[in-house]
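Right after this note come the structures.
The two complexes that follow have chain A in common; it is paired with chain B in the first and with chain C in the second.
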Partner chain A sequence: MKFWLERQRHLIDFTLASLARRKAKNLGLLAVFTLLVFVLASVMLFSHALRHEAALVLKDSPEIVLQRLVAGRHDLIPPGYLDAIGRIRGVQNTQGRLWGYYYDSVVKANYTFMVPPDGGIEKGTIVVGPALERERGLAENNGISFRSYNGQLFSYTIAKVLPRPSELVSADLVLMNEADFRAFFTYPEGHYTDIALSVANPLEVRNVASKLANILPDSRPILREEVLRTYASMFDWREGLMLALLSAALLAFAILAWEKASGLSAEEKREIGILKAVGWETGDVIKMKLWEGGLLSLTAFLLGFVAAYLQVFRFNAPLFEPVLKGWSVLYPRFELVPAIDGLQVATLFFFTVFPYMAAVLVPIWRAAVTDPDAVMRA
Partner chain B sequence: MNSRPSAVVFTAVGLLALAFGGVFVDAAWLSRQRAGDVSEMSALAARLGLTDLALFTEARYTRHPSQADLHSAFQDHPLALEHFPSGSLITPPRHEILVRATASPD
Partner chain C sequence: MIELRDVRKIFNQGQHNEYAALSGITLTIEAKRVTALRGPSGSGKTTLLTLIGCLARPTSGRVSLHGRDISGLPERFLTEIRRQTFGFVFQQFNLIKGMSALENIMLPAYPTGQPHAELTARAEALLERLRLAHRGNARVEWLSGGEQQRVAIARALINNPEVLIADEPTANLDTALAKEFMAILESFGEEGRTVILTSHDPLVVESAAVHRVVNMRDGLLVEHHD
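After this line comes the complex of A and B, so read on.
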């Protein structure tokens, strides 16, 4: 065993000396490989953590949200719907919700105006989200005015700013009194944006939703599980943003591996020929190259993964912010809770380290089994 | 005395492996640290009946993707292409068709 270990150390010493003879090329290769692993791992960690956090944060969202559609477009809930829904067996609680969007031309940002279901906001005051506080320079007891869509100016006093840790869900919120909301948007009395329902038996949610669709054919029930599924698919690696980023990184990796597998340079062939001529066995040549590929890919994997973790969870993913922010003016500042899927890490390891080692091994095996004289003359 | 190259590499790879293990320890620690924030967010979402994260505030169908109808992304005119950057990133809402007898999309 000791002899075997010492033999491997000597092979590694020779491998490292060989790598040092082409320092610039090999350092460049290490840098590119590390960068690829960094991109892949960053996307994987970020998307998984966001999915996990969305599931945790939204697990108590309304069980059913009922919307009304007119010609396929979202329309207001008219009076009478709440009473009709209340008569359905299994419905425990119904709540008409009032919320909508407002475009602030001062900062060119969109806000979500909302009336809290439990009230608690005095007329003439509003509670704002942390991003609004930041972008508009607001604070408690400040005044602010908004011009409604019919041209009328409404002034409010900031009663409170929502807590910063909640920014991921409350960044753009403006909570207000119901009377103020109806006056601002000229919302007719008795009309609501949609209805939130709770069901007595969670196993009956789909049945209740079916009954709603039958009783109110112009309505669209949205279940909580569908809300969670929307976010699960949004940050799934198989779709959208994640697939785009992963595809580019995987393609770059495939090109790197293909370039390695497509053949050896004349210098590398000569080196192998000389080793065979001075008495190296084929197995030793292959072991040497395996160590080369293994050390390089393992170092790149470890370095890339650690850098990706630090980027996503310690520095709050600054590389993804421009991508996610798009044209938004308000963007939440949030710190994701680390959620690492061991299976994904293992998959990343097996699909970066082993393919690269295989890509290194294929051309080496061909050269190692060929006559040294023929290899050196090639 | 010069150390062998393999010793240097083993030390470097060993340190990286330690850092890799440290990632999982740090992840567990940060999870405990930030659990309070998640609880606070969850409580606010439950109190206000929130259904979406405030990640993409460019347009209404990106701000509330789970509540959006399928027409709002193309609201400007019938042949309008998606023009908000985040609209290209997010997928349409995943709502099952409840009335299985029909093929209506929404």
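After this line comes the complex of A and C, so read on.
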């Protein structure tokens, strides 16, 4: 064992000396490889963190949201629907929700106006999301006016600004009192935007949904798991799109790295011949080159991954944010909670380090099996 | 010590450029003696040296070391024998550029897995013996021809081999350096090391340090001089 360790130590010593001898080539390779891992890891980490965040947010959302449709379009829930649902077995709780969109021509952005389920907001006051605070320069106790769709002007006082960690979902939010909401949008009394249902038993969710569709044929039940799936596929799609756009550049980098790694210079071939002639086995030469490739690719992987981690979780992904994060005019500004998927890291490792090792191994193996007497005849 | 029986070496066998470098050599090389293989270019000296030094296998015939037939051994075993028994000094020295003299000397010992400190001490002792102690940390490409050859000799000795093999050792040296090499060679003879070298340099083959000259031509032995 000691002998084996000492032997590996000698091989690593020689490998490090070899890497240092070809500084320009190896630093170039390291830079290209690190960049490749950095780009791929950034996209992966960012998309995964967003999916993770979305899943966390939706964890506490209702199992079913019921909307009413008229001519295939979303319409208000009329009075009497809540009572009809209350009789369905398995439904634990029902809640009529009030929310709507408002276009603010001042900052050319859409806000989401909403009445919080537990109320708690006084008449004439509103609670706003951090993006609104930023864009309109608002602070607590400031006044703000919105012109409603019927032309009437409504003024409110800011009671509170929502905390930043919730910005992914609350960036454009305006929370208000129910009476204020109905007055602003001229919502008829007893009508709601949709109905949130909680179902105690997760296995019952689909049954409840089909019962809802039977009792209220003009309604559309939306399940939480479907929303989760939609979010997931949206971020998957964005990630895929991003990778597709980057693929040409990545391919060019990969070819460059392959070319650099797989080409053995005459000097390197000569060295392999010398090592074999002075008593190195084919296996020693291959091991030494594997150490070389391994050290280089692992260093690049670690550097690229750490840089990507810092870019995404420390600096909020300035490179990919516009493509991967934004979905409206108001961009949420939030710090992602670090979330790493082990399988994703393993996949990235497999598709970057392994091809590189293969690229290194093939020409080395070819050079290493040449007869050691070649060096005498050269 | 080393016995060759009807050894032949054919390159590119079965191809249009087939070439017989050795056409049936039978020779015994005694231990603790300095033997020189002499002959013109293309006579097969270097090829014979590669077969003796386990760098290649003969196409036919037998090579035995201490009575053990080594001509049919797989590469791994040949490598081990080569590492333990032979030390090589090549015509072009074949040092690895960019590395120091000390590192070059230690190279053949790396696969043996001996402790680094021990190896370094041995390499430094060899440098001392060859009057190169002050150049140990210098890169080999910064050394003069004579210094490079002494580094090559030290490298050949690092595993303390029984046999030292040198291919045209004075071909790239001027007379003064060639004489210096012969002095080193003489010291090997005195300490009872077996040395086999190829040369057509009279300074080498006619030197008192050489105990035996084997003449070659066209892949065959011409005559023996003891």
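Some observations on this one:
The definition used in the following text is that the second predicted complex is superposed on the first by the 257 of 378 C-alpha atoms of A that agree within 3 Å, B and C clash if a C-alpha of one lies under 4 Å from a C-alpha of the other, contacts with A are read in each partner's own complex, and residues count from 1 in each chain.
Convention: contacts are C-beta pairs under 8 Å (C-beta built on N, C-alpha and C of every residue); 3 or more make two chains touch, one makes a residue touch a chain.
Please read these numbers as outputs of a predicted model, since none were measured by experiment.
With both structures placed on the common chain, the touch criterion links A:Gln344 to neither chain B nor chain C. Of the two partner chains placed by the overlay, only chain B lies in contact with A:Leu58; chain C stays clear of it.
When chain B and chain C are set side by side, the one touching more residues of chain A is B.
By the touch criterion stated above, A:Asn26 is placed in contact with neither chain B nor chain C. With both structures placed on the common chain, the touch criterion links A:Glu6 to chain C but leaves chain B unconnected. In the superposition on chain A, A:Gly279 makes contact with chain C only, not with chain B.
Once the two complexes are overlaid on the shared chain, A:Ala209 sits against chain B while remaining clear of chain C. When the two structures are aligned on the shared chain, A:Ala17 is found in touch with chain B and with chain C.
Residue contacts after overlaying the shared chain place A:Glu267 against chain C, while chain B stays out of touching range.
Applying the stated touch rule to the two superposed structures, the overlap between the chain B and chain C interfaces on chain A comprises residues 9, 13, 17. Chain B makes touch with chain A in their complex at residues 4-6, 9, 12-13, 16-17, 19-20, 23-24, 26-28, 30-31, 34-38, 40-42, 44-60, 63-67, 69-72, 84-86, 88-91, 93-96, 98-99, 106.
Against chain B, the residues of chain A that register as touching in their complex are 9, 12-13, 16-17, 20, 53-54, 56-62, 65, 67, 69, 72-74, 95, 97, 101, 109-110, 112, 114, 116-118, 129, 131, 162-163, 165-173, 175, 194, 196, 206, 209-210, 213-214, 220-223, 226-227, 229-231, 233-234, 239-241, 295, 298-299, 302-303, 305-306, 309, 313, 323-324, 326-332, 335-340. Of all residues in chain C, those touching chain A in their complex are 46, 49-50, 55-56, 75-76, 79, 82-83, 88, 90-92, 94-99, 103, 107-116, 155, 159, 167. On the chain A side of its complex with chain C, the touching residues are 2-7, 9-11, 13-14, 17, 21, 267, 270-271, 273-282, 284, 371-373, 375-378.
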